[in-house]
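Structures are listed in the sections that come next.
Next come two complexes built around chain A: one with chain B, the other with chain C.
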Partner chain A sequence: MKKATNYIVIIIFQVFIFAALILFLKAESLFFSIGILVVIAAALFFLRREKRLYEVLNTSFTGSSRRISVTSFIILIVLLPFFFLKSGYILHVLTFALIYIIAALGLNFQIGSCGMVNFAQSTFFGIGAYTSALLSTRFDLSFWVCLPLAIIITGVLGLALGWPSLKTKSFYLSLVSIAFCYIAFLLVHNMRWTGGPDGVPGILKPKIFGFSLARAIRIGGIVLPGNLTYYFFALAFVALALIIARRFHNSWMGLSWNALREDEIASKCYGINLTVNKLLAFIFGSIYAGVAGVLYAHFVGFVSPENMTFHVGLLMVSMVILGGMDNNFGVMLGAALLVIIPEKFRAFQDYRLLFYGLIMILMLLFRPQGLIPFKVRKYEWKRVKENE
Partner chain B sequence: MARHHLHYSKKPKGGVHLESIFLLQLKNGIMLGCQYSLIAIGFSLFFGVLNVVVFCHGNIASIFLFVSSALLALAIGIGTKLPQLSNIFIVIIIFGTICITGLIGVMIERSIIRPFRKSPGLMTLLITASAGIVIEQVLKNFFPQGSNPQMFPLELGTTQYKLGTFTIFGNEIFIIIVTSLLFLFTFLFIKKTRIGSHIEAISQDFEAAAMLGINVNRGIAITFFLGASLAAVSGFMHGIYYNVFRFDMGGMAGIKGFSASVVGGLGSIFGAIMGGFLMGFVETFAAAYIPGASPYRDVFSFIVVLIFLVFRPSGILGQIVPEKV
Partner chain C sequence: MNNSTTLLKASDIVMQFGGLKALNGVSLEVHRDEILGLIGPNGSGKTTFFNIVTGIYKQTSGLVEFKGESLTGKTCQQIAQRGVIRTFQTSRLWFDLSIIDNVLLGMYMREKPGLVTAVFNPKALRRDFDTKVEEAKAVLSIFDPELAENCYRKTKDLSLVDRRRVEISRAIVANPRLLLLDEPAAGMDVSETSDLMKDIQKLKREKKDIGIIVIEHDMMVISSIAERVVVFNFGKKIAEGTYEEIKSNTEVREAYLGKA
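Showing the complex of A and B:
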């Protein structure tokens, strides 16, 4: 009986959040969208005070009601784009959010799990995008050939950034990543074969079994636009990325990452191979960014050096900080918020970076652990459950 | 990125001796080095007292440029009516703005760095990086025509001095003299005055200094005032040397200054000066002597930074500190 009420509470909460999100995206006037944000904030504030409800919702993705909450969440996220069939723009924004979620999940390996602040995630995003863009426009290679090639290239370059990072720590490591970011940006910006400041236009959308994702699908009288199919395409990648990231987090590797974040010397004494673990964090993080870049290039059809500036790297770092370091769901929430909310306030386009900066400052001052903070691992509980 | 580096337009055209090209590049390198090392000293001072990297330090220089150029434009407007007063006005305005910028540095420490005194240094790096973005965007959006390149209203020392084929301008001599005086001043201030010894005590051991009755917060505030006003002077140098500045120059200046202080050895003032000049020389000589390298000159300086970080992370003058458990 108690379980059933828990399920209902969780489902109602999720439906409420999604309804608010849909209304927020559909809202025409600025006041209305701000009002919705205020309503959500107020609702969350009151939930905080209701101890029992808060406990149910807080453990919904980890506790006993995990299966039902994940299922309802998946159903809602699949249903979400069907509310915007007429508006290609909002589908565009939602797909952007999915793409940035992948990059932020990758950055979380380094910042969240290992505590290495890397500002060069945008570089790998850009390198992935450029690899795919150049290969597909110059050599007519298909998406499915570009993707593994981009993965290999970003992985190798991730290793190239990881190697100097092994010898450095904290500020020095961040400076290495900043220098790397600027070097890559300047090279891409100035070399001729990358298209220079003009970028690479004319990248086609991928095909699955000869069916182009750019085409709209007609079922009866309903037209499903091309952006919708790409949303699901990106969603599949996000699901894969999340599953892999969770497996990493729950594996020995994730545990070693956390250990070396807390204390390098102590973890070394316990026999953790710092070299291998740090390099793996860099390689996998860069591959995530590279995949996100490939998806971006084929979605937008145009890549320019603006995609790999230091500012974009800082934006990705702020996604991880805002959401919550070392918490995959938090990072996804942070990325989604930082993509969707500023797009809604397009009228204040000039103030977008100001907004990011202020959010970062306020978050770091008042909630440095992020929106959904990292939870302490509980191994005891799992063993008990298996014995039951 | 630094498209307004006008000194490349001062490059001599054919028929000039190799030596004089070398001298010219040396001069350009010194000019850049003066600007970088003034910012790098700030990084080193802040790292010394608090073990933090204040990433918005370069943006402080651009605050100075924006505020002072607005005030100067106003003063020069008044000065046309009162010509005998205008020079005093200008000097007062420059000094006043340097003090204001120093106070902004103190404010930044109070508001966003002090809450993180006990947390890991990376938090400070992140929050000051965001503060840098906020400063940059405020300058861009809330200053009239802030997103356009701005002209610095003060023209200083346009007279040329010739030594054979080598030409030097009045403003360049001014920059060299003022920078060396400031190096001397900073050095004497830290080594010879009472407050300077307090600052050194704080940077050696924060808690022990507090126990010995040193007013730690005052020492830190003075350090931030000094560092920020040195950054302001660096901005002033930029203004009178290039006469053009942009809202986004601060980010690059900060990264260059940070790199310079790391190359020289974080925490050491003399190291910061050497690092700044090294960065300036690498940039100008790479652009001048490596064919086709002009657009990539920042790449060379960042490669130098990477090499230093990998092979000598303690910098030129830093000592290798064994890690304590």
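Showing the complex of A and C:
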């Protein structure tokens, strides 16, 4: 009986959040969208006070009811774009959110798991995007050839950033990554074969079995726009990225990443190879960014140096810190929020950096561990289940 | 002493920090199946000695040999892989991780499923973790069954005493050949200390051929556990022998208790 009420609470909560999200995206007037944000914030604030409800929701993805919560979440995320069939723009924003989620998941390996604050994630995003853009426009290679090539290139370049960074720690490592970010940006901006400041236009959408994702699908009288199919295409990549990231987190590598974040000397004294583990975090993180970049290039059809500026790197770091370090769901939430909310407030675009700064200050003041913080790993699944 | 029973042999170790000689020509040996007590006043170089053996510091001169192999120039990680495991004076746990994760990471050097298994066969990984978790809990229960029960608590929430217990458990599951305990009883009361010493002796009986060095301030503790005692003062070894011999040594009494 108790279980059933838990399920209902979880489903109601998820539907509420999604309904609020849909209303927020549909809202025409600024006051209305701000109002929705306030309502959500107030609802969450009162939830914190209801200890029992809060506990049920807090453990919904890890506890005994996780099957139900995951299922209902997947259903909602699949249904979400169908509310915006007429608005290509909002579908666009949602797909952006998915793409940035992949990059943020990768950045989390470095910032969340290993404690290495890397501002150069946008560089690898850009490198992935440029690799795919140049290969597909100049050599006419298909998406499915560009993707693995971009993975290899971003992986190798991730190693190239990681290697010198190993000599440094904390702030100095961040400085190295910022320098790397600027160097890569200036190179791409100034070289001729990358298209310089004009970027690379004319990238085609990928094809699956000869079917281009750019085309709209007609079923009966309903037209499903091309952006909708790309939303699901990106969603599939997010699902894969999330599964792999979770498995990394639960592996010995994930555990040793956390160990070296907490105490390097103790880690060394227990045989954990710092060099290899840190490099792996750089390589995998960069590959995630590269894949996100490839998806971006083929989605937008145009890549420019603006995609790999320091500002984008800063945005990605903010996603991880806002969402919750070393919690994959938190990172995804952070990425989604930081893509969707600013898009809605385009009118205040000039104040965007102010907005990020404000969020960071508020987070550090009130919830430094992020919206959904790091959770302790659970073992003994069987026994835990029996006890419940 | 023939050579084969020698586990660790340090000869003429000098460690210089700027103008200060933290260790000044120290030599000592640890044998298999032995608990060696290392005592000395604050700043006499005991922990520095541990840091050199485990590769955290590189000695200015001198030689450290483990089972006849020189440890000079080896990294911490390589030394750990040879079975030299230590605890730290101020606990160095991974504080944001749970008790169980800390002890599990002690088993890092054992055979374990790799990344490919973790990604493509998570069930095999989980089975491996399940057996290791059970073993970790068994070791934790030696010290305190409550630690095993609450093993999902973060170690930063633990008391000083429990932190030490977790740290020693972590060292034990690493299957050490030479175990270096840096003031394991600091902060414990009398009964907790005597329990801990009994557990350490039990451990020595169970794991054959293991050598243990214990740094300790408390002479009573050392008398109950160590078969041989080495005394450091100002970076030099001033005495060596059984507890009874050490006790009557005037130089030791002066260093430790001050001049009467």
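Just so it is clear, the second predicted complex is superposed on the first by the 379 of 388 C-alpha atoms of A that agree within 3 Å, B and C clash if a C-alpha of one lies under 4 Å from a C-alpha of the other, contacts with A are read in each partner's own complex, and residues count from 1 in each chain.
One rule holds in what follows: contacts are C-beta pairs under 8 Å (C-beta built on N, C-alpha and C of every residue); 3 or more make two chains touch, one makes a residue touch a chain.
If you're wondering where the values come from, they're calculated on a predicted model, not measured in any experiment.
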| item | value |
| --- | --- |
| Chain C versus chain B on the shared chain A, clash or fit after superposition | fit |
| Chain B versus chain C as contact partner of A:L358, first or second or both or neither | first |
| Cα-centre angle that chain B and chain C span when viewed from chain A, reported as a multiple of 10 degrees | 80 |
| Chain B versus chain C as contact partner of A:S256, first or second or both or neither | second |
| Which of chain B and chain C A:N273 touches, first, second, both or neither | second |
| First, second, both or neither for A:I265, with chain B first and chain C second | both |
| Which of chain B and chain C A:L141 touches, first, second, both or neither | neither |
| First (chain B), second (chain C), both or neither touched by A:Y172 | first |
| Touching partner for A:F310 - first (chain B), second (chain C), both, neither | first |
| Least Cα gap, in Å, left between chain B and chain C after the two complexes are fitted on chain A | 8 |
| Residues of chain A at both interfaces, chain B in one complex, chain C in the other | 265-266 |
| Chain C-facing residues of chain A, complex | 244, 247-248, 250-253, 255-256, 258-259, 261-263, 265-274, 280, 374, 376-382 |
| Interface residues, chain A side, partner chain B - complex | 115, 117, 164, 167-168, 170-172, 174-176, 178-180, 182-183, 186-187, 189-190, 265-266, 310-311, 314, 317-318, 321, 350-351, 353-354, 356-358, 360-361, 364-365, 368 |
| Complex contact set, residues of chain C against chain A | 54-56, 75-77, 80-81, 85-86, 88, 92-98, 100-101, 104-106, 108-109, 112-115, 118-119, 122, 125-126, 129-130, 133, 152, 154, 170, 174 |
| Chain A-touching residues of chain B, taken from the complex the two chains share | 1, 53, 112, 115-116, 119-123, 125-127, 129-134, 136-138, 140-141, 251, 255, 258-259, 262, 266, 295-296, 298-299, 302-303, 305-306, 309-310, 313, 323, 325 |
